[in-house]
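Per-chain numbering from 1; labels A, B, C, D, E and F assigned in written order.
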Amino acid sequence: MNVLSFGEILLRLAAPGYTKLFQKDCLESTFCGGEANVAVSLSVFGVNSQFLTKVPDNDVGIAAVNALRYFGVDTSKIIYGEGRMGLYYLEKGASQRPSKVIYDRSRSVLSLADRQDFVWEEIFEDVNWFHWTGISPALSENMANICLEACKAAKNRGITVSCDLNYRSSLWPSDKARLVMKEILSYVDICICNEEDADKALGIKTIDTDIEGGKLCDDGYVRGAEAIHSNYGCKYIATTLRKSHSASRNGWKAMIYDAEAREAFFSKEYDIQIVDRVGGGDSFAAGIIYGLINEMNNQEIVNFATAASCLKQTMEGDFNRSTVSDVMQLLTSGGNGRVQR
Amino acid sequence: MNVLSFGEILLRLAAPGYTKLFQKDCLESTFCGGEANVAVSLSVFGVNSQFLTKVPDNDVGIAAVNALRYFGVDTSKIIYGEGRMGLYYLEKGASQRPSKVIYDRSRSVLSLADRQDFVWEEIFEDVNWFHWTGISPALSENMANICLEACKAAKNRGITVSCDLNYRSSLWPSDKARLVMKEILSYVDICICNEEDADKALGIKTIDTDIEGGKLCDDGYVRGAEAIHSNYGCKYIATTLRKSHSASRNGWKAMIYDAEAREAFFSKEYDIQIVDRVGGGDSFAAGIIYGLINEMNNQEIVNFATAASCLKQTMEGDFNRSTVSDVMQLLTSGGNGRVQR
Amino acid sequence: MNVLSFGEILLRLAAPGYTKLFQKDCLESTFCGGEANVAVSLSVFGVNSQFLTKVPDNDVGIAAVNALRYFGVDTSKIIYGEGRMGLYYLEKGASQRPSKVIYDRSRSVLSLADRQDFVWEEIFEDVNWFHWTGISPALSENMANICLEACKAAKNRGITVSCDLNYRSSLWPSDKARLVMKEILSYVDICICNEEDADKALGIKTIDTDIEGGKLCDDGYVRGAEAIHSNYGCKYIATTLRKSHSASRNGWKAMIYDAEAREAFFSKEYDIQIVDRVGGGDSFAAGIIYGLINEMNNQEIVNFATAASCLKQTMEGDFNRSTVSDVMQLLTSGGNGRVQR
Amino acid sequence: MNVLSFGEILLRLAAPGYTKLFQKDCLESTFCGGEANVAVSLSVFGVNSQFLTKVPDNDVGIAAVNALRYFGVDTSKIIYGEGRMGLYYLEKGASQRPSKVIYDRSRSVLSLADRQDFVWEEIFEDVNWFHWTGISPALSENMANICLEACKAAKNRGITVSCDLNYRSSLWPSDKARLVMKEILSYVDICICNEEDADKALGIKTIDTDIEGGKLCDDGYVRGAEAIHSNYGCKYIATTLRKSHSASRNGWKAMIYDAEAREAFFSKEYDIQIVDRVGGGDSFAAGIIYGLINEMNNQEIVNFATAASCLKQTMEGDFNRSTVSDVMQLLTSGGNGRVQR
Amino acid sequence: MNVLSFGEILLRLAAPGYTKLFQKDCLESTFCGGEANVAVSLSVFGVNSQFLTKVPDNDVGIAAVNALRYFGVDTSKIIYGEGRMGLYYLEKGASQRPSKVIYDRSRSVLSLADRQDFVWEEIFEDVNWFHWTGISPALSENMANICLEACKAAKNRGITVSCDLNYRSSLWPSDKARLVMKEILSYVDICICNEEDADKALGIKTIDTDIEGGKLCDDGYVRGAEAIHSNYGCKYIATTLRKSHSASRNGWKAMIYDAEAREAFFSKEYDIQIVDRVGGGDSFAAGIIYGLINEMNNQEIVNFATAASCLKQTMEGDFNRSTVSDVMQLLTSGGNGRVQR
Amino acid sequence: MNVLSFGEILLRLAAPGYTKLFQKDCLESTFCGGEANVAVSLSVFGVNSQFLTKVPDNDVGIAAVNALRYFGVDTSKIIYGEGRMGLYYLEKGASQRPSKVIYDRSRSVLSLADRQDFVWEEIFEDVNWFHWTGISPALSENMANICLEACKAAKNRGITVSCDLNYRSSLWPSDKARLVMKEILSYVDICICNEEDADKALGIKTIDTDIEGGKLCDDGYVRGAEAIHSNYGCKYIATTLRKSHSASRNGWKAMIYDAEAREAFFSKEYDIQIVDRVGGGDSFAAGIIYGLINEMNNQEIVNFATAASCLKQTMEGDFNRSTVSDVMQLLTSGGNGRVQR
């Protein structure tokens, strides 16, 4: 079972600890990205995980590729070209102070990619599952077309397609996002999102939440999932329910909706003392994919994906370095945190 | 509107992270001080902020001045002389373990300053607001006289005077403090303090608090403010109400009392996961000054100052690096800590 | 009053902060070990504390000895020999993610020690108190014999013997532990343990706890202590009661049982925001020894030991660097964490 | 005497120590740039130094401005706008391994600046000296025009103009550079360059050097300076003569040619053990400007500028943090490196 | 062309900078080993490079594998088992102070490997070149047999075999080494060594050197190579000639002897300012293999390998991160160290 | 043989690497001092080494004591009192840039010590050798008297007295130094100095050196030593001869003059690539003391002391962490820097 994730890999430049950006004169440098995070998590889970992107043909691009190879991700399909690596600056929040992300990703080498760069028939030859997110079509007109082509080609070959809606207001306005995403979503089997994504990228607002207050309504999530299914035909809709008490403490649970069975399954809620919440949603997506690939039942899938993404938020960096046995240990122990010797 | 803050700038030598002093063989070195913290916060808020002090005419003194210039503070009035930079060692507490401060500031270049060093008529030429704290007169007999002279000169020119009582038991005993502070306070328009300051520096103990238990009584604060007003004529009294649950978690709210209106205004209480609480009170003072300068109404002032000082305690270092828009964002969001992209 | 602690000193290689092992390319290197931790804590308390072990006669062994000398521990009885320093890798947990310990201590120089290495008559010449733990006999057959000999020799000379059961499943199976420990325990005056130790090392399971849920029953602890006394004749049994809410938050209290008085004394419970929990039990043992040496009453002893070990868990590293006055300050303040200037 | 330097400020992301890029997962982050380096050095020398540029109106741009303010540079003329901060990655070389610079500065906010952004009549109101370099016109067509306009406006007001040719092959080809630079150079009073700049930016190749072998011929430099003077009318031509033995050891001397006096003055040669050579040329330019402003004689000027730039290469970072007295100390001591207590 | 390197991968724990071991309380942790270094260098050169070893089946073993995957080494043949990771402590020397290595590698998981662990017929299926070193047979009796079997199997399949003699006196005495190495060397096509290896591992002492004085005689090296060829039939003998002036400065050149052509080829000598000399010999071996695989002529091969290993010694860590183009740049530039922009 | 060193222990706050003071926001913090450096070096050599000083009775003073205990120095005679720890800021030089020391040691707890603090009859009870330096009497009038008393008391008990002249111009002027030192020196058996000390502290200028140029004349040193002997009766005069080529490279050799034998012995000269030269002279003094204690012959003594102090300058920090076997290894190898495995 080969899973191909496709998207941009970025350089993340993070202020150390709880300092403000440029308070100290070094930046922690790691490579990441919504889709790369999924690829790494799947590889750590033991899945044959491939990653496709375009990177600059210089030491920065090579370092990005190496960062994926470290975790065993198959990077042989990655394309090299002239251009720049997109990047973002991160300031980690604490308590009432929110984390801040400053993007510097415009005109990155991937956003300037041509349709000819990706010959999907060849790319998909040995692929069983294709994962992408709503960030990619937001990068450029070209990338929107490339994503559509990729999904069509995947569909033609009978490849399962999963998409994390991942709406980013800094990349495109909601109306533009809806226009593009609605077309591509009909080729998607598994749709992963949170309540904001569903609204901004698909216009599905039946989820009646009061996010600021941290109150989330389970029923609304089910209705939202039903709407996604009835409009786009997705077989599974998986959503995360984050209660943001502060930058340091979040409630975290999730739902998977099985459209065929017309049934929703909810995980327990974890009360997380946040170490680094960036990449939480991506690690959830990887958990969902892992569960489906391994034919867990729906309750097991949502339990696994939620536990996996809970663990991600207790470690530094975008990548979820948790193994399947780490996740299982959390499911068994309930998270009491006793030392493992 | 030019605000001049006057006081000592110190070298802070802090043990990294949650280590004990000298557990690691490096110390984090930054410059700070109750009044310098106010000057920096005001400058970051966009106010024309000047700082007056005396520093050693060597690389240590220059580095201190540079640290202020970094934030745009006008340092052109600072005096250089032979002598030493005062400093303190800081060990950051956690949970039940308190933070520890070891002062090594005696016989610093400022504490040995002469009255001739400061020609107030010239210094105040372009100044609209003068801010000082109860630390300065505690440094030496000379400094007590200098503070008195400064306040008189300010009054003469119609400059608004604010003072943070900032009682430090390691610098002087309570009876000495009261003797000195009571005389100078009659020249002060805005008095900033907490319940301990009011007691130790002014002998105003009507505030009936059980600090150890973290229980604070709003009424007592109002009565305390009234007493300060009736004794010294201050127009505004602003007090912080810290509930010290542990070194890691504090409740934080504040009050401003408008003597003319005979009315007290309380902020909401923030439940803070502490990153670095040193400088919390100073950032509150800066918030009060900012609010008054910008003619916010009383409720807005105390809301702004409390939110500003809440944010300070969620970041590393003594300085509050929060901008006005950061503070406004907290007032709007309520502190849910969602990532800002 | 000279206290001799005997056991292995290990190199601890810890991933920095909340990173996963080898996520960063450095490891924090300190020396520690259950018995060495007790020796250091006693020395910081002002007790004449000696440490006995065998270390490699190279720069690693010397560094381990130096790390103890730093705190004033008398290391003159330590033996040097050819061999390797045992070590362990530590990954600090957070929230739902548990800390992980990977031991690499097999065939260490101490585990390969001969009985001739230790001439107890000479070693004990100026010793009043002998402390060891259940880790030592688990290291090797030889070490089990050496511990038995040491306890017998101590008994002969009228030296008080304390033992922390410290069961480690990675070193020996429970049935092996019980066989060995039961024999040696009859020479022990003060037995220190938690509920798991009592079960795994002694087979005393009357403590009916549901650890995972964090529910602990005071009564069971008293019954367990009575059983230890009636089976092995120990005069004092001291147990810690940890409620592991998560890797970041623990409830912590303790009991001392005075067999002669047939009475148990419980401390208050501390709600700890964990900085580093490794060494918590050892610092408790040191607190118990300190209390008994200084002839505190039973309630004072358990209060002191619990407060001491609470503080340990709020600082980095295995060693408890808290002084007696630090502990007293916590007992007085109740742990409000206000800055000490 | 107010000196205005104009150009781009960049974020420099440097691999720590002698590691390769991304070998460690942090990057040392500082702000710099050929013209900013000059502005800082002049300010540290005590000159009234202004800096003009355009930066992004976000936390990255503000941090860049703060980095200059730290040294007392007047940043009040800096323009803020939407866009990105140019940056470069630096890998420091050692011995036979060269330093590597990877630029990511295309489409920076300054390179996209409009001619209307800079109203030279206002900008130059209080300016006596204008400094720019050949990097700025290389950034974009617009910037080439802006530089030309600036020089014309400066000339009109009788402002002295200095230019460091600073040819960068990665920004523009030699023929393009020559076309542009030749036109602007006629407005330049002081031309600063090395032998490669003179060739690539002006086509003046009379300097017959064998750079690879490190052999430089003094005579050629004089002839080159004469050619620059006769073609463009520059009054002073200052050139550095670097002998690159390896990335760790360089010979460093310089020449100033006084066109009116028709005489060249050479400094002694320093044998430098390199700490960080980036910014060496910029610190030389600052030294030349300082010498001319302070009406040193020609020999003093070239001695001062060479010593200043020698010191720069013995410290970390692009900025020359040496004071005038540091430079004088080197001129006096000859560089024996004895400890200054 | 697939090259398989076989040997132990170790954890290297290095004191930071020029500190003594345990002077600071962290150790830089990287994975390395004579054969792993070759595998990484070949992969960075673009060769299909496989690595074979046995590692512990825990987080330490996985991290070691990841460190190789980072560089694209094929790690799919690596075996996991119960046991410990060998390691060494490194203190970097400077000037007159030598680097110190303290091994803690005894009873590592590889040294305890069984002959059944390695089924050479399968392992060699897709292999064209087999590289091993004299460290492996020194680890244990088993490993000596395994190396012999491997070489025989390789010979049978017509695989080219290269061996770096790499004598380590701390692993085995010279007479034992000679006994074992002489037998295996007859299966080796390319023998890589320095003068000490040749003497200690093979007893070939015709090289008449005075190492301490740094005087090396080219002729002796040729005679030594002839002797190796005539005794063991190796087709190529490549030797490095290090002049150890101090821990900070070394002369470095090398020779390759082509037995068929009966001709020796010497590189130029590099005067290296050492950054980290560990791994210098391994990077030379990788350079030789690369040159032979790519059918360079003999002079080109020795030039390439010497330049590659010169670069290695100018960067941190055991691995040579230089690309083919980095090496070519050195060959072209001669090592003047001018900045590459 | 118990050696007591007496003097001040200081906190050293050093800018990391080759940065300027306060360029980075941390300072490396270690404890040191001319006499403490000797005490540590002797202890590392295996000598029973005691240290006497007065330190603040707070966490800073305790950390200073711990830093000495780490190396096995007997600190039981150290006095604790109210006051401050003296400190200095250090900026490490490189190449032409000199190291800078900024003292902040005035009014330290030791400089304010009373004569009653030191009861020499008790202090000297178990002492065979007393070492002090010219820094101590320079601290204050009291300390000058205390040093004189100490030397007299030592003489009375037949204790050997060694003194390193260690003239510090920042502590006292030359004429004051001469007045004081001449009186005390008559009680000194072994006088250690360099040419500047001899001149400034004793007025012995027969050493005709041109320090700036690095040219030192052996003969002059011998005549200087003879003068010291004939004026003050010292039995041995040991002098270091530093050729300061730059902050990075020094020539280093030394002489011991045996007054009884009327003969001078010179070591070889080491060409040192400096890592940290502070403490070089102190490690030389320790070497001389070690040699005399162990009854080496004069040539051996000067060889040992010079090699020891050469090694000191190749490691970080003030302390010489070299063992006797490290020194012997340098004497044997000549400093070729080959890796020790």
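Keep in mind that, in the parts below, a contact is a pair of C-beta atoms (placed from the backbone, for glycine too) under 8 Å apart; a residue touches a chain by one contact, two chains touch by 3 or more.
Just so it is clear, the model here is predicted, and its values are computed rather than measured.
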Item to complete: Go through the assembly and pull out the chains touching chain C as well as chain D.
Response: A, B, E, F
Worksheet item: Farthest from chain D in C-alpha centre terms, which chain would that be?
Response: C
Worksheet item: Which chain lies the greatest distance away from chain B when centres are computed from Cα atoms alone?
Response: E
Worksheet, complete the sentence: Whole-angstrom distance, CA centroid of chain C to CA centroid of chain F, is 42
Practice prompt. Mind pulling the residue numbers of chain D that touch at least two other chains?
Written response: 17, 20, 25, 66, 100
Discussion item. Help me check something: in the complex, which residues belonging to chain B touch chain C?
Written reply: 17-20, 23, 93-101, 103, 168-170, 211-212, 214, 244-249, 277-278
Practice prompt. Provide the residue numbers of chain A that touch chain D in the complex, in ascending order.
Written response: 13, 16, 20-22, 25-30, 58-60, 63, 66, 84-85, 89, 91, 100, 102, 104, 106-107
Fill in: Touch list for chain D against partner chain B, complex
66-67, 69-72
Response to the item:
Residue positions on chain F within touch of chain E in the complex are 17, 270, 272-275, 307, 310-311, 313-317, 321-322, 326, 329-330, 333-341
